[in-house]
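By written order: A, B and C. Residues from 1 in each chain.
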């Protein structure tokens, strides 16, 4: 259960957004929308605990995140813009190292199965340098298959993926939600997901002088 | 008690500190000018001529306060750094950044006056004794701080990075001094003039 | 602990696949050491006297050159972010990176220095003391350098700024390290200097990772 109260973000002297409130229960997803520069990535990084909020606080399972930081991070999977893979390591080595650093070591069989499912069969041992942009993205997404994290925060996960990969990712996200996971993501593309969803629109509200978020229910 | 605490933190915001500073600085400027003038007058006219070093020793009245100030200012910068990191205030970063060039200037002045004093007294413009070498390294630490805060665009990040380098530096300054002096006291003890008490306070307070 | 070992192994693997970076620093060390006799003159007695200082200064510069690759690559490809999100404390992961960095940049210097010391006609005993002083001192250089590297992450003029920040902080290690060899050559015994170097190492091991972590978090914000 994730709750955000009154989050705000400053860029330089400008306030990008303020008074962001929402709550997310298991099985629910939240899509953050907004124009370029509206602060979507900043909000996601704030929720992941990478950047401090200019205002407000975040609660995980009823406790402020600042008090339970390690536990929160153990339950969190964050994928940012950069795929977070080392070019000199193979896809398999990248996956195993990422899992070990996150505190959940992976054995080779599980890692290989994940890479095969994500569509990298035959390319597990090539250095990531020779993979295409979309394939590097797939290596990053393979972490989703091996993760037991309850909260997934994904920044533009659909970027650089072909049609087959997009539908594969949607099915992976649906599986996560049906297991009681929580999901927050941004995407410029239209996405079809099951479960209960909300959208959060960041950006200047034409009716108000300051940016205000709105939460609308999206039918499943 | 809690009311007094709130009172102080109100000034942690630059917006509320600035008017206060505006009201206070003319007084500080006046007091500083008076003390500096008094100190210079005492050092040039009142303090007696040294029996061994002649008139040239009078530069000590600038050299020693400059050294003390350069070290004191570094400690104050470290103090502001600690405050800034603990309480996340904006003003502490501004105080540190404002102090750094002054401290660097005092360190530079101390090095030059040391050299000008050293030439007639010891026959060399520069000697690698513990105090001068530590002063030189302190100057480098100041320059490092100024360069780091100047290179970072985001003011918040610059303040925090500067705070960390000041704290690391302040821990290192005693280590550096100890290493340079080889654990033993200064090899060349300067000949301080005997009427020590009277001339010191005015130049030092004036330097403040 | 698993994450610590995983990070050390990963960094060692990466260094093994990019050997050129590691070897460049070593060749730099060799070239700088060779410059001094060429510049100052080949008189043996004088070379013997300047050898500890020259070898130590060259080690300092070589260690400093390799500091950029400590955090910059990880910061750019996003792996540093993932490390900060790990349940393992970031300070521990940073210590792992510094350990791997020392194994690939400091330890080779320790092994190479006696060979270069022969060019300066140092006695075998002095070469031994030199090795021990570098063994204790190069980790200090990596630890303190990590703080500087973390502070200048992604900052304009990073390389030169890093040198400006880190070289004054290296001075105690330089003085104790070179001093140890000089003291031994003079017959005074290197024990005192080496213990002080050890003390610096202990101080660095405990405090440098925290300072570097604080600086990294600022860079990641």
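Please note the rule applied: a residue touches a chain if its C-beta (ideal position, glycine included) is under 8 Å from a C-beta of that chain, and two chains touch if they have at least 3 such contacts.
Since the structure is predicted, the reported quantities are computational estimates derived from the model, not experimental observations.
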Given which chains touch which, is the overall layout a line, a ring, a star, complete, or other? line
Of all the chains, which has the CA centre nearest the overall CA centre? C
Would you identify the chain whose Cα-based centre sits farthest away from the centre of chain C? A
Between chain A and chain C, what distance separates the C-alpha centroids? Give it in angstrom. 38
Rounded to the nearest Å, the gap between Cα centres of chain B and chain C is 31
Cα centroid separation between chain A and chain B, in whole Å? 50
For chain C, what residues touch not just one other chain but two or more? 221
In the complex, chain B residues that touch chain C: 85, 137, 140-141, 143-144, 147-148, 151-152, 157, 160-161, 164-165, 167-169, 171-172, 175-176, 178-180, 182
Residues of chain A that touch chain C when the two form their complex: 48-52, 70-71, 73-74, 76, 78, 80-89, 93, 97-98, 100-103, 105, 127
Across the complex, what residues on chain C touch chain A? 2-3, 5-7, 9-10, 13-14, 17-18, 73, 76-79, 81-89, 93, 220-221
Flag every residue of chain C that touches chain B in the complex, lowest number first. 147, 151-152, 155-157, 161, 164-165, 167-169, 171-172, 175-176, 179, 196, 200, 207, 211, 214-215, 218-219, 221
